[in-house]
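Chain lettering (A, B and C) follows the sequence in which the chains are written, and residue indices restart at 1 in each chain.
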Amino acid sequence: MTRSALPTLTLAELARRLGARLVGDAERPVRGLATLREAGPDQVAFLANRAYLKELPDTRAAAVLLHPQHGEACPVDRLELDNPYLGYAAASRLFDPLAGREPAGIHPSAVVDPSATLGERVEVGANAVIEAGVSVGDDVVIGPGSVVGADTVIGDGTRLHANVTLYHAVVIGARCILHSGCVIGADGFGFAHDGSRWHKIAQLGGVVLGDDVEVGSGSSIDRGALGDTLIGDDVKIDSQVQIAHNVQVGDHSALAGCVGIAGSTQVGRHCLLGGGVGLAGHLTICDGVQVTGMSLVTNSIHEPGVYSSGTGAMANAQWRKNAVRFKQLDDIAKRLARLEKGRDA
Amino acid sequence: MTRSALPTLTLAELARRLGARLVGDAERPVRGLATLREAGPDQVAFLANRAYLKELPDTRAAAVLLHPQHGEACPVDRLELDNPYLGYAAASRLFDPLAGREPAGIHPSAVVDPSATLGERVEVGANAVIEAGVSVGDDVVIGPGSVVGADTVIGDGTRLHANVTLYHAVVIGARCILHSGCVIGADGFGFAHDGSRWHKIAQLGGVVLGDDVEVGSGSSIDRGALGDTLIGDDVKIDSQVQIAHNVQVGDHSALAGCVGIAGSTQVGRHCLLGGGVGLAGHLTICDGVQVTGMSLVTNSIHEPGVYSSGTGAMANAQWRKNAVRFKQLDDIAKRLARLEKGRDA
Amino acid sequence: MTRSALPTLTLAELARRLGARLVGDAERPVRGLATLREAGPDQVAFLANRAYLKELPDTRAAAVLLHPQHGEACPVDRLELDNPYLGYAAASRLFDPLAGREPAGIHPSAVVDPSATLGERVEVGANAVIEAGVSVGDDVVIGPGSVVGADTVIGDGTRLHANVTLYHAVVIGARCILHSGCVIGADGFGFAHDGSRWHKIAQLGGVVLGDDVEVGSGSSIDRGALGDTLIGDDVKIDSQVQIAHNVQVGDHSALAGCVGIAGSTQVGRHCLLGGGVGLAGHLTICDGVQVTGMSLVTNSIHEPGVYSSGTGAMANAQWRKNAVRFKQLDDIAKRLARLEKGRDA
């Protein structure tokens, strides 16, 4: 992206769009965001975390987004908001060079089945494939190389980046963002065993994504065995995540990278799953649960709060000794109880 | 998928195909499967797990697949089988709307090298690519956007969904199902270190998949360094799985989502690896081993049975205290031994 | 790959190219590598690990790459080098049937934007897509179905296998190898929460890969929020790896399969991360750190060395007892301290 291609705004315009109070030069043009430390004189910085307060005095930014309480300490122009991190988020979207792009229409190399219905201002990238019966809303972008299976429905304003795969009869809400390599609607992992071999269970359900869902690169959301796999509104899913058949994830939950959720588990609303967390199948996780990175959850959770498992990393020589003792732990506990009994006797 | 598009069968026909005993209206038409709770009057339900027995009296299904011992309790028509779960699996395939589809032939946008040989009734999707020397059996489906590398062999009846990638000189058996985003035959992770930097070891082996193998979305099976990576018959591999070079997986084993197997490890027949399980390299895992979710296996296993590692999730405040103690565990054990010695003295 | 297509060399030529001392028939033709056990009379084997010394006497190889100290024990012709494993690596590249392939040019089905600039001897595969402003160096191969986003830069000699996705404004160094299904430059996982829902933070940074980087199949490297995600020279990344926004990985480090690194963490040079390792966000890992498989690192590491976490797998019946005790560990430690105090009193 050449620097010159970045959107340019005046500070007054930026303040207006962010709902911020400007203290400084209204006409000053800015065209990008950066950290306090790295911002140049045509860029805006932000202060959303006290840890970076020490970098404020030396910033060379054109202006800083910050809370009014730090206004006095700011050596340059400033934009005051109650929630500077939200302000940064809003500003990042204003300066996104991809945001204002005109839709490029249907690329001649794309293969769109004549029975598919496309809304207004839809873009379909080179070598993308849209199968029969697909319904695409307005302002949708289908990236190059993406494949949309038969009878799938895509809501208004949703964007599929390049090389996304949607299977047949999947429902994607409005304003979703699906990153490259993600696969939605592949068969859930269902087999019946006859004592000697596996028999496939056809996965007859679908997947329904709510509105404002984001799915990271290379993530998988499998279709249901009978009913649907359900992802609520405003659910954010990072890269390399695996969501098995008939899982339900409640509105506003966020799943960090490499999370795996086994079949039929229900995750509540406003949950946060750290990177690499694993949830066993058929669990119920209530609203407001946070699970720290790489924890394994094998039982349902009925109280909001923070949950963890595992052991933190330590030097290998120390770890080896302790890990061996873990295998003796039940024995250690019994021996301790015997000693206690002896003392009390 | 519109409801009307689902296959319709009479109960008599369904009983015949499942080898079940029908007690009820032979002419009744049914056109789909659902759970006991959700089935409507044109759908078939099943009872394969006693936990759902309480839902049997209230089902509105047209008929229920169940074991003869529960026949009397069934309020609607019934199909009796000794293994209702196997019956459900078979019925799911009968009602699969994709199952009876006619092959669509070679899409004009597909790029098929003239030296490739294709069997009868092969379907090649839009923008798929088949390179030189490829051999494709009868009744194979190559999904849109999939790429089949030079000299690769695909057995009869195998299906590649959209955007699958097979490298060169890979061998895929008959009746396999490869889901979108999976990659078979990429280079194994092999490098020699000269003390300061890495030198690539060309991965000259291949990958051989047996018959009836399923590979989930986004999974990777790497090619061997010299010999081949070998996946046996009837092996079922879920999504987001990583199988490194020269691994061998025995017939009928099943690997759940996010499993990782390091190089040259041999997994036996009829093994079950839970979600997120990691196997270190150069191990031998005997037949009939089951490893529970997210366990790490760093030693070979020579006895069939169930194996586990890790610690289950608990409230973070409790976990923090215990995790700190884990780092003192060897010390705790030694102190306990000293106390015991003192008592015995 | 038919056997006859493999490159053929004389032992003299092979010795010359490897810098090895040949003891044997200079004119003998060889055309492939294999293990000591499996090599046939037209293949070269190698001995790089004492564990295989017992297989040397029975080898049927044409010649063996080995250290001079084992020369006498070799029953066939031999190529002596100080580092036979490096010799094997070099030989593997000489015998790689893909190595000497002539570039096939731009496939007519590829979609290359007229504003893209391509170097000499560039190959673009079938149905690949190269967007506006892309710059591709000399001797680059873009595999079939791969998509290169606008303004991305690819250095000389780099190879993208099939179905790779590069987002816009990503920089890839020289001689990199990117495997199928990997995605470089997707949005980092950045959202601001307003107390009830998420607001997307546009990811305005990029990704920069150094020279000689390899990225495995299905791996993700996300673009930075503001600055770039940085991967150093000679970094080797296996399959199914997730690297979050603004991570930095130092030169010559190697990341095994299924590793996950959370945002803004800095990994030093010459680090080795075992399979499935997770690094929390905002950490600093110094040079020369090795982390064993499936360990979770939640604190910065300032000393080179080997680090581990977790517990090794054991029989489930034994594990269940010990895992329960883990949840009592703090209590156990306190009771032990009380006993010790009682004894000393």
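Everything below uses one rule, namely that a contact is a pair of C-beta atoms (placed from the backbone, for glycine too) under 8 Å apart; a residue touches a chain by one contact, two chains touch by 3 or more.
Heads up on the chains, UniProt names are A, B, C = UDP-3-O-acylglucosamine N-acyltransferase.
Since the structure is predicted, the reported quantities are computational estimates derived from the model, not experimental observations.
J.: Which rotation angle, from 0 to 180°, best lines up the CA atoms of chain A with chain B, given as a multiple of 5?
T.: The C-alpha superposition of chain A onto chain B needs 120 degrees.
J.: When chain A touches chain C, do the two copies use mostly the same residue numbers, with over half shared, or different ones?
T.: different
J.: Chain A to chain C: how many Å between their CA centres?
T.: Centre separation, chain A to chain C: 25 Å.
J.: Where in chain C do residues touch two or more of the other chains?
T.: Answer for chain C, listing residues that touch two or more other chains: 109, 127, 145, 163, 181, 218, 240, 258, 276, 310-312, 314, 326, 328-329, 332, 336, 339.
J.: Touching chain C in the complex: which residues of chain B?
T.: Listed in rising order, the residues of chain B that touch chain C are 109, 111, 127, 129, 131, 145, 147, 149-151, 163, 165, 167-169, 181-183, 186-187, 189-192, 194, 196-204, 206, 218-220, 222, 225-227, 240-242, 244, 258, 260, 262, 276, 278, 280, 291-292, 295-299, 301, 305-312, 314, 318, 321-322, 324-326, 328-329, 332, 335-336, 339, 342.
J.: Under the touch definition given earlier, write down the residues of chain B that touch chain A in their complex.
T.: Contacts found on chain B: 1-2, 32-35, 38, 83, 85-86, 88-90, 92-93, 95-99, 107, 109, 125-127, 143-145, 161-163, 177, 179-181, 212, 214, 216-218, 234, 236, 238-240, 252, 254, 256-258, 275-276, 293-294, 310-317, 319-320, 323, 326-330, 332-333, 336, 339-340, 343.
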